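Have a look at these structures, which come just after this line.
Two complexes are shown next, each including chain A; its partner changes from chain B in the first to chain C in the second.
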Partner chain A sequence: MNVPFKHALLAVTALSVLTLPALAQDAGGARSYAPVTNDMILNPPAEEWLMWRRTLDNQGFSPLDTINKDNVDQLTLAWAWPMAEVGQQETAPLVHDGIMFLSTNQNIVQALDAKTGDLIWEYRHVLPELPASYGYQLNQARRQKNSIALYDDKVILATVDAKLVSLDAATGQVVWETQVYDSSLGYSYTVGPIVVNDKIISAISGCSIAQTAGGCYIAAHDVNTGEEIWRFNTLDDPNNPEQQASWGDVPPENRWGGTPWATGSYDPRTNTTFWGIGMPGPYAELVRGSGDGDVLYTNATLALDADTGERKWHYSHLPRDNWDLDSPFERVLIDEEVDGEMRHLLVTVAGKNGIAFALDRDTGEYLWSKETVYQNVVTSIDADGRVNINEDLIPTAIGEEKYICTSVSGGKLWQAGAYSPQTKAFYVPLTEACNTVSASQSEFTAGNAVGAMRFGPRVLPEGIENAGVIDAFSVIDGEDVWRHEQRTVPTSSLLATAGGLVFGGDAGRFVKAFDDETGEVLWEQRLNAPIGGHPMTYQIDGEQYVVIPAGFSAQAGSSASMYPEVPVPSGSGNSIFVFKLPANSGN
Partner chain B sequence: MIFRTLSRSLGALLCAMTLAAPAFAQSVPQELLDNTRRAQIDSLTFCLDPTSVGAPFDRRVAKEIAGALLLNARFADAPSGFALDGAGYMEELQIAMNNRCDVMMGISLQPGSVFPDWLVFTRPYAQVPFVFAVDAASGYQRLGDLPPEATIGTALGSRGEREFIIYNTQQPQSRQWRRLPYADPALMLRRVQDGSLGGMLIWQPALRALGETQSEVAQLRVVPTDPVPVSVVSLGALVSSRDAFLRTQIDEAIGALVNDGTIARLLEELGYEGRPG
Partner chain C sequence: MNRKATMLARSAIAAAMALAGAGHAMAQGSFTAEQAARGQTEYNSQCGACHGFQLEGGVGPVLAGAEFRTNWGTAAAVHGYFSVSMPPQAPGRLSEQAYLDIMAHILNFNGLPAGDAELTLEDLPSVNMAALPEAAAPEAAPAEAPAAEAAPAAPSGIPQAYTWGQQLPTVGGQTAATPAAPAAPERPAIPQAYTWGQQLPTVTP
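Then we have the complex of A and B:
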């Protein structure tokens, strides 16, 4: 009969659609793969780059020094590779056992021979056919930042449809996948996890969408099974009355935001994981109804026990945010001697306002802070670390316009800074910018709970001509080391190396290598598109390689009005460029 | 009829206009913007937010607009489901308006709009109010009867919430109501029923739609918002600002539908309060 045949055909078709794209495209045949052990995660080999910022302390530093101040100007292109999909270039390549793992937009993962650039396998995550009503996920799918991590013989992938997926690192085949959150509500992974001690520690986003009220999470899952171990809600901590009171009369079901937008760090000495948390929603307290409360844990650092998810401490970098100046960016763990005493520091330019903080990461004690770019929101920080805001800038009426520095696009943004233990300096990519902000309640489509704030265009602060800044400062006391200013904004993360170099790139398509002690530009190369993602380095057979992602940059587009003399390409051009020293360089 | 003579030239113009490359700001990769000419022939493509409670009304109006222009109405989904700040919305809207939509229906027209200058509003086709609902068992006869210690629920990010905040913040502190924003009308309904909220300010089509799935709506009573001014959403559409001729034709069509009673009939058929135009 036709009917059963039709049903069977539909079932087979559905199955095919589900499975075919997930099959690895093995272009090079079977290849052995040495597992990434937990010891390697805790102490990565110098020649490899195993996770987002190479080490669990998020330092973004490589001990490799074959490429150094003396020879960096000889760098030559080894190979290049086009990315698989159009979208914002925010990739963070990883390298282990001679294989580069490249995550890109739409949750595509590619394994490449790190020496030759040849494709080994490709995994294309099967997303459900997202209707236009999944606008947030559709948009975020084109801006996956650093969605993978390596552990054992697996690649762990956090997906835009709120799944964790475990891939066989040798073949790209799916080992397991689990639906962690309900993506139909708006939940979506945009950053990757850390994996340590058999736990995947990850954070979800989409917490400012109407349907996700009251729930935004950092969670741990078993790396072998995907089973959840613990979950911490950044918007609702029933164990902390201070957190509840900080939202005033607003119950958890009316809270939004609190998104951990950047991958956390981990301290094995105390078994603590540190995460930065984003802004509250709605942005303006006039709308969200929280009065003058701090709205914890938004814009805070959270220190959580990695085994249980219990909070150890928190520190608020920007209480009572009214301007979407969220503070979720990389938390960097550094051990340095301060005044004769070894201190276990957490250093971060936590938020868009560009203020650098140093905390004692064992206690959350505030140590020092430093302004890096012009901002007018924080007026002072007390000796005990209490951050005081300029209350004159809080909207008191709908439509009232305030001039806010930095802008909603930063200051600081997702582009991560790097720390060099050789100079004891932290290097941070920044932007000088301001914009107007008003609580406008300007819904787009009728009855649609979107659009409660209005932001003006980005403009340079008065008296400042250069939008782009690389700021280097001491982690001991925040003292300036050097400062590089330029017209165009930095659009990539930074990479520091033992070769005395800091690599980074900008909206003007230049990748540059800075002297880590002076800021002098020792090498620059113009590529096809704004520099993006996370530059990294690795070494194979004694040759050091430097990877520079380039491609479409939202920051380049939104800041172009500040320097019209630098045109932005209309196409994506998403690619990675891999540089090394020439064979006859003597290195 | 004016539209009969114009329909052919409108179709030709639509083809010509979709040829012109849009000079959009570089907020999305150019590869995502379709540069081909849509084969519109005798139709207009209307985009609707399928999650909007006003979508059924917008769809009916779109069909009438197309009919008035002697064109067929095609429909496509408009982007929705964004965060409260609308991050990403303009990018998705740009892609939709470039690639598949001639007209974006169901737009809330209001001063201080955040829409960029590459989009232009049509004239409104209806004015639909927010209403204030209280527990029917309460003695409240108007919003102003609620004591200051009462909590009022408002539809998050809405025109009604905006007007309420403006009024409330102009009152002495001791007379200001406590207010909580809600994205989920059903949750707001439950909070009225359990007494957490003294009442809820909600767009009337949303209350009507809620009543189709929640029998408890029958236990609510709509009372005047007095002394808070009635909030009214002006429903209109967006077209590309380069499609000036199309906008003119749609404005004329809306005017005709308002004048001949079509919009009033649709409002009545769908149970919407408000008025045409």
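Then we have the complex of A and C:
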């Protein structure tokens, strides 16, 4: 049986790149593909969606307005497609040259005809088998977000087993792949890179898994060869004594976390890349051993030189985190006039506690902040931007319960907000929730996380009945533009368009289009599962399409106790739904 | 105390913690085989699709093994969480008995053998999750509580917290560290918290 089995394995490997055009058409019949140029990356065509948030500034805004306030209520289903894998629905479809690139869990990538929904090719990454006891590490494969980026005639894929892979965009064939980190230690990409100026700039996850102690990285690689150009360690910066001192006596080999688990942004004007950084591990300083230190660069924004990886500045959004209130979320770059002066802003709801910040992105100077949902961990923010925390909420004994708002599920989570330059408003999906936390002490095991904290059920803050919030506020001063509240929590990223619309969806399976000036719901459609991933839009032959992912949502499940009257489906149903206007709608 | 001496002391305390923890397990499971079987049926129907039929996890977290058992304190904490928040399609809506039966199945799967009396709400705070025997399939569960077999933490190669081996203050049903074990085992190779092995302050219930 040995030989046939080997042959079968080879056959499976060969089939792992399924090239349908080669089967369906004459020899050499792979569909043509116009390369994505660096100029396109810096200034993407309005009709296309080339990267996670469409532009390197992470705004999540489309200039398309064929679908607008007047006709959005006529949207109809063009086509739908099931995802190739189960797990959390966090996909971020990309579209270029009429092809949709769809990545999902376990690093399956598909190319679809964006107009018809026909499959062009499928790539299945071969992942190493892990022991069943590696519970946390195994879960990383089921929470793959925007794993892909487009550049030249390639699809760049960041994988669960810590590889960067370059695929031929026309065929799905592997051009090169490189093992960036040792995945046997727990390293794993859960978010994709940005690619600009021939550099892949990426960040690794899995840094709260025991064996990865002491190293969590943002790095740059040559897009043509996969060769590493630089890497920056968020847990151990030899060039900054302040960073080392902020961990107290804790040496790098006992530091975890610092994971940049949302894709960064890039400013070509200053050649700077901006990344949000996650929480420290273990979560409680009682167990961490770091005393009252700020534990840099956890919960910070890092501004790095894109050519060298050198730190330009950092800003701490939540020093001395004791509650897993992660602050890695999207850093959005916006140029607007503030008090008569053009400011180069970085706006972000950085962390789970939902506090919005505006910084000067050239200097890291703090400009303003605003609370969006109820939180009890930050007591004040000084004029110079120093964030002060409520020290009464720091666990002082193992098993001691503290009541923390927001909850470990946020507040804010990975679901990205969107900015509209038309309204100068930032739209953010949020959750009102609290939970109890208590620190635990246990021996860390291979493949598992070092949080050493347990969390109680999510509960609504006292006096609040609506768990779900879409908050719209001005990026000039943080003033509210509108606020939408509802029982169920938002479970997808938001999409803002020049049609005056903001799209997003919730645990109750409704996708909604909001009026970007008033928050009025102009269209809603109930789908098969909680709305998920990153809604996006594109246009082909004058027809605008809106893509809405739906499927399994961990937030919908963990928050379900706050809105028991809206049952969350037990089936996962991971799919994308593609909407457009009817043919006779007069466009 | 120099760093090396600190490490040795921590290791000794860590080893003692493992021993002390084992002693906190219930002498016999306070659930019956019938209850665990009912719980398994209920679990397979309500929980298995997300958490795995071997409790190995899926889109939901793992419910067996060291990470699960050591992070939860007592069975009351586990039960207190899932009996109000799970399953997502009907949070808190199963019967009180069903949640208890599922808890019995989880305990059984994690190696606690069945006993003569059914698990009740009153029993939950006294079940120390961290002190359960090694996870095992129900069929493979040992006939007697193997608490006595628990050994000091072996060098695992996995990094540990900076506090590894320190006795940290404790409250509630957590494994309390016991200082001054005579042996000085190697610092585990798996990284541990900086505070590992310290006796951290604890709240008494």
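The rule is short, and it goes like this: the second predicted complex is superposed on the first by the 545 of 587 C-alpha atoms of A that agree within 3 Å, B and C clash if a C-alpha of one lies under 4 Å from a C-alpha of the other, contacts with A are read in each partner's own complex, and residues count from 1 in each chain.
The rule is short, and it goes like this: a contact is a pair of C-beta atoms (placed from the backbone, for glycine too) under 8 Å apart; a residue touches a chain by one contact, two chains touch by 3 or more.
Since the structure is predicted, the reported quantities are computational estimates derived from the model, not experimental observations.
By the touch criterion defined above, A:Gln140 lies against chain B but remains apart from chain C after alignment on the C-alpha atoms of chain A.
In the superposed pair of complexes, A:Ser208 makes contact with chain B only, with no contact to chain C. In the superposition on chain A, A:Gly289 contacts both chain B and chain C. When the two complexes are overlaid on their common chain A, residue A:Pro251 makes contact with chain B and with chain C alike. Once chain A of one complex is fitted onto chain A of the other, the partner contacts of A:Asp324 are limited to chain B, with no touch recorded for chain C. Looking at the shared chain after the overlay, A:Gly456 reaches chain C, while chain B stays out of its contact range. Contact with chain C, but none with chain B, is seen for A:Pro564 once the two complexes are overlaid on the shared chain.
When both complexes are aligned on chain A by C-alpha atoms, chain A residues 86-87, 132-133, 135-136, 138-139, 142, 210-211, 213, 249-251, 253-254, 256, 282, 286-289, 396-399, 438, 440-446, 448-454, 552, 554, 556-558, 560, 568, 570, 572 touch chain B in the first and chain C in the second.
Across the interface of their complex, chain B is touched by residues 86-87, 131-140, 142, 186, 206, 208-211, 213, 249-251, 253-254, 256, 281-283, 286-289, 324, 396-399, 438, 440-454, 552, 554, 556-558, 560, 568, 570-572 of chain A. The touching residues of chain B, counted against chain A in their complex, run 25-27, 29-32, 49-54, 76-89, 91-92, 96, 106-108, 110, 112-115, 128, 151, 155-159, 161-162, 165-166, 169, 178-184, 187, 203, 205-206, 233, 235.
Put simply, chain A touches chain C in their complex at residues 86-88, 132-133, 135-136, 138-139, 142, 210-211, 213-214, 249-251, 253-254, 256, 282, 286-290, 396-400, 438-446, 448-458, 552, 554, 556-558, 560-561, 564, 567-570, 572.
Chain contact summary for the complex, chain C toward chain A: residues 14, 17-18, 49-50, 54, 56-62, 65-68, 70-73, 77, 80-81, 84-93, 130, 153, 156-164, 166, 168-175, 177, 188, 190-196, 200-203.
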